[in-house]
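Two complexes, one shared chain (chain A), two partners (chain B, chain C).
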Partner chain A sequence: MSTAAPATPTWQRVTQHRLFWPVVALVALFVANTIANPGFLSLRLQDGHLFGALINLLRGGSPLLLIALGMTLVIATRGIDLSVGAVVAISGAVALSFIASSSDPSSVTTVLVAIGIALALSLVLGVWNGFLVSVVGIQPIIATLVLMTAGRGVAMLITGGQITTVNSAPFKTLGSGFWLGLPVAVFVAGGVFALVAFLTRRTALGMLIESVGINPEASRLAGVKSRSIIWTVYAVCGLFAGLGGLIISSNVMAADANNAGLFIELDAILAVVIGGTSLSGGKFSLAGTLVGVLIIQTLTVTVTMLGISPSVTPLFKAIVVIAVCLAQSPKIRDAVAARRRRAARTSQAAEVAA
Partner chain B sequence: MFSTKKARTRLTGVLAGAAVFALAACSSGGGSDDDTADAGGNGGGDDVISIGFSQVGAESGWRAANTKSIQDTLTAENGFDLSFSDAQQKQENQIQAIRSYIAQGVDVIAFSPVVESGWDAVLEEAKDAGIPVILTDRAVDSEDESLYESFIGSDFVLEGETAGEWVSENLATEPINVVELQGTTGAAPAIDRKAGFEEATSDNPNVTIIDSQTGNFTRSEGKTVMEGFLQAHDDIDLVYAHNDDMGLGAIEAIEAAGLVPGEDIKIVTVDAVKDGMQALADGKINFIVECNPLLGPDLAEIAKKVVAGEEVEKRIVVEDQSFTQEQAVEALPTREY
Partner chain C sequence: MSTVKTPTPTSPREPGNKPRTAGGMSAGMPVRFASRIRVDRRYLPVIGTLVVLALMLIIGGSRYENFLSGRVISNLFINNSFLIVLAVGMTFVILTGGIDLSVGSVVALSGISAASLLQSGWPAAVVIPLVVLIGTVIGLVVGIMVHVFEIQPFIATLAAMFLARGLCYVISLQSIPINDDTFVSIASWKQQFGEEWRITTSVVIALVVVAIAFYMLHYTQFGRTVYAIGGGEQSAMLMGLPVARTKVLVYVVSGTCAGIGGLLFAMFSRSGYSLTGVGMELDAIAAVVIGGTILTGGTGFVLGSVLGVLVLGLIQTIITFEGTLSSWWTKIVIGGLLLVFVILQRVLVVRRR
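Now for the complex of A and B:
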């Protein structure tokens, strides 16, 4: 430890934590929004519900969190799932088509059956991906590309190329309803997050997933059932994407086969990567994914808040994302640290000379 | 055993031969079909007209009604052979579709350009191939008007002006703050409806447009952008949405923020599709300017004339009306779409 380093060890531990820079980015975005609109962080209670930008943020981010959770597990096994956006579209299309064609769209039973069918189908699609990857041995990016391309076609078939819209109060609850003052969607995503965290961190499952991601062959020889684990994570990823799709379609009460969940696979992968999970598999961080999702969701809100012109929005998002990724990269961090040390030495030398 | 095998081989040979013949017949048939079609194009006009249509996508209820009108009119009974493709709101998909129609040698190409610019090259190719092009719903900004035969669609500037005039006369008796949900960036209806509204409200100092963002003509993006607007400004009086679907998304966002759409925040939209009219009748939207999606019959008529070699008008304006809440309640039971 160089004497020139002014930082205390605790401070250093904090700055070197892999979530430090993502959290800094999130805080910076919050600060920028609060400057643009001082009421950004305020919450108000109305009709027994909480209202405010933060609540919108959580509700809007719920589907992305669900999808990114599944994506985290898949990426931890060295895989990737490009088909989640298509599964989102299919799930919404199936549920809304069922509700629209039923005799009583407002009955709770109809809605539960619709949700059941949509989730079952999403699980089947996930199982299909898992089969292609784990049993047939196709590379994940190719295997899931099949469904990514075909999926929207399937969704278009289900909706007949139209945008299916319904009026059904129970289904609307999923996306816009409140429970205990908070949006229902937040409870759904939060519950799934807690469940996944419990299963992976309080049982051996998380370690097994990481070991498969680090070296599938060695894990298999050590007695880990690599194939079942890989198969399972894809199935779960499909299921979560389906659940996310239900929330997305319930948000606007419309199933848009072309645009529902468009590019959400990229947002999900980005969220996972910002959260510090490496695309080469192995260690994964669920908390990191949560922070990543919040960053991406806040970015979307920031664009409107700061009044950034629609035509440069993608560029603005790209700049923020690349800044976070660079800040996290070990190479860049080493380079910056080395420069700082040099600078410190020069100033010391200057003092001595003086 | 041996004989069966031999027989099977022979059978395979026969089948293969038949297949070759069938293929040859197909291709020669296809060729002669093309010839007659071309001849028909130059001379008479009782042959089936093959028409390639590239639709923007399925982004809104308006588009769905438009697609249905075209598919229901350009049928085999009416003497058309329609190839229909959905570009999913991407220009490159449309250019690809148009190229494939040129390669197929259809009699007429029709399309709704997703954005205004960048069509000269592919339209030039169609012109070189001698295939007439008809634009529906949206225009291109090409300088060379000979690249297309006719443009059938509503006057978007007029729609924006109608909306602006109504706002100016009915709501802007006191100062009001307006937020605008634009259509797809670069699309003709987005550019024109914005310009028309600004033009019509420019002489009224009470109207201030405080923010304007794209909602890409979809419900979900309309909702997301409106959530942002509600957060950024706490003094919004009016939402002007370039289509019903974004307006419907805005309603969701306004309700989610605990406000009453149509009262706390007024809403004016363009399109008048079924869901929009329903919201208007329910009092959640205050005024809708219609944009007629039933372009199928006009397109059929123009396509027939173009193939028969008749002169057609360069610009065919579709008549639009507008609806207040009371008119919506009256009109709703008899609306076609």
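Now for the complex of A and C:
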């Protein structure tokens, strides 16, 4: 960008990193929170568990991180998955209905079977989306809209229109349990993040996904199995959404077919976009998605902390989205770059004159 | 082989994929379209919708007494008038290859603004145009974000959706009843035709909007430019069509329609509530798709979208008539129908090639 400048100073390299503005936004949110509530960054140890606003932030953000990870991969192939919210609802509904109908709700086996069934079903739903997109060739937005519309109906069907509540200690561990002083949900999300990061960035998989996103046809001609890759990312996205759904339902120990995961697809897409992954596919940043998820989650927490009614959250989200998108928009970037070049030229000219 | 033709419908303007847009697909399509395809093929999806509508009427009529009555058909229009207006606006956006997710929240914003302004004593004659204007302004903002700042329509309208919903909550968290005399008398006007047929103000407004949209889309330069952009933005630009203005204008049209939709919903419910219209944008998109408009843009009709809304409305009516089915079956049936139509479209597009 600034080739005109004689040598790029370090701070300029930092400001031009694509994660610079999202990280600035996150830090600004942290600062605002700390000013409003000086105890925001403090952690305390109680009963061997860490407690504090930051821990709650991480725990609350884990389901969103899981879903946003799947979404990142889907968006990298130039797709989109609108059905994750419905999958969240279905997965929670299946697991809790199974546990509620079993003879021993608090046995570990029951819970493991319930989790297995829910994850298998989520995978099937993801495979279904992938089939529609990669084999039938329907545009991703409309192919997943089908499941988004029908999915909540299916979840209602499973719960019989009721809010199923259960009491099962092992299942509760997933959402509110602690291990080594940290919430179990954070370990689940962190583990999945590490796994995805390893598979995509330490093997060729990530590059193949990006190549499919840039041009599926050319990738196919180059020998990349683009159909299988597209199919796989939707399946994985479904699976992660199911896992996220389990954590969400375990948090409240209730399956609410109408409201579980409502609008989480929009939050996930938002997190991905804030993190610098372009909706037109071809490149993705897992670290960016992590920052995006933290921004969204912190935003939600901030609104509550500042004593503003939580229902105003959408307004803040809108402001952040617009600001980040404008900062990333080519027009603004060009304008800034042009001004910087002009400034560089003037200073050079000044040096020459001197 | 097929995946290359299914880009996300969001961003033909993204600088990264210029080669794709300039490729054979968008530039060559309209030509082949004219020479090889007979006119009837363009109408095929709409005819499909019409067949489904007729089938539903026949099945309903044969299963339930009083189903094929003027009362049911009148109610179909009365209960769905706001959705008709939304679907009409959405058709313009989808025809250019964009999408508008903000309409549901704009409906809520316009409705709750109307209720709140009327409550504080503003005259209805000022409030009604003002709340429609709210939709127009939001549409304009979205259009500028999409065109000038090159933000993908999906994200720009998502931001507008959050913005409008947030503003609703700022105005009021509670439902505000509308008691203004003028507004109530406008809302409750109806005309009875014979025993069973009747129309209300909202139906009249919806039909007028449909008529204006039909004229704009098929008989003006603006309408032809909308189709041209959907067929291929690059080609439209090379033809010297006012692409920039049109791209902003479709969002203005959609926003205005959402404003009108909010007004109709306020008339329908006699109140304004910040949670109205959650998910309504999906109903509108579903209606447009079921009505035969292809999401990648360029093909579709306003009247098809109206048929799409009627199909959605009839599903609801049949499920009510059936009585034993729970309400969530509506969602499942709509999803299934959406799938059938999308696959139908897909088959048509593949055959066209």
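Going forward, the second predicted complex is superposed on the first by the 322 of 354 C-alpha atoms of A that agree within 3 Å, B and C clash if a C-alpha of one lies under 4 Å from a C-alpha of the other, contacts with A are read in each partner's own complex, and residues count from 1 in each chain.
As a working rule, a contact is a pair of C-beta atoms (placed from the backbone, for glycine too) under 8 Å apart; a residue touches a chain by one contact, two chains touch by 3 or more.
Fair warning: this is a prediction, and the values are worked out from it, not measured in the lab.
With the two structures aligned on chain A, chain B clashes with chain C. In the superposition on chain A, A:Q139 contacts chain C only, with no contact to chain B. When the two structures are aligned on the shared chain, A:T346 is found in touch with neither chain B nor chain C.
Within the superposed three-chain model, A:F51 lies in touch with chain B and out of touch with chain C [touch as defined at top]. In the superposed model, C is the one of chain B and chain C that contacts more residues of chain A. Of the two partner chains, chain B and chain C are each touched by A:G161.
When the shared chain is aligned, no partner comes close enough to touch A:T109: not chain B, not chain C. Contact with chain B, but none with chain C, is seen for A:A260 once the two complexes are overlaid on the shared chain. In the superposed pair of complexes, A:N251 makes contact with chain B only, with no contact to chain C.
In the superposition on chain A, contact of A:Q12 is made with neither chain B nor chain C.
The superposed model shows chain B running into chain C at a single listed stretch; among 4-12, 112-120 or 202-210 it is 112-120.
Common to the chain B and chain C contact sets on chain A are residues 152, 156, 161, 257, 311. The touching residues of chain B, counted against chain A in their complex, run 57-61, 64, 67, 86, 88-89, 182, 185, 211, 213-214, 216, 218-221, 223-225, 227-229, 231-232, 234, 245, 248-249, 252, 255-258, 275. For chain C in complex with chain A, the residues that touch the partner chain are 1-11, 14-17, 20, 99, 145, 148-152, 154-156, 158-163, 165-167, 169-170, 173, 274, 282, 285-286, 289, 295-296, 326, 328-332, 334-336, 338-339, 342-343, 346, 350. Per the touch definition, chain A reaches chain B in the complex via residues 36-37, 39-40, 46-47, 49, 51, 53, 56, 59-60, 152, 156, 161-163, 165, 176, 248, 251-254, 256-260, 300-301, 303-305, 307, 310-311. On the side of chain A, the complex with chain C involves touching residues 78-80, 132-134, 136-143, 145-154, 156-157, 161, 215-217, 220, 226-227, 230, 257, 266, 269-270, 273, 278-282, 309, 311-319, 321-322, 325-326, 329-332.
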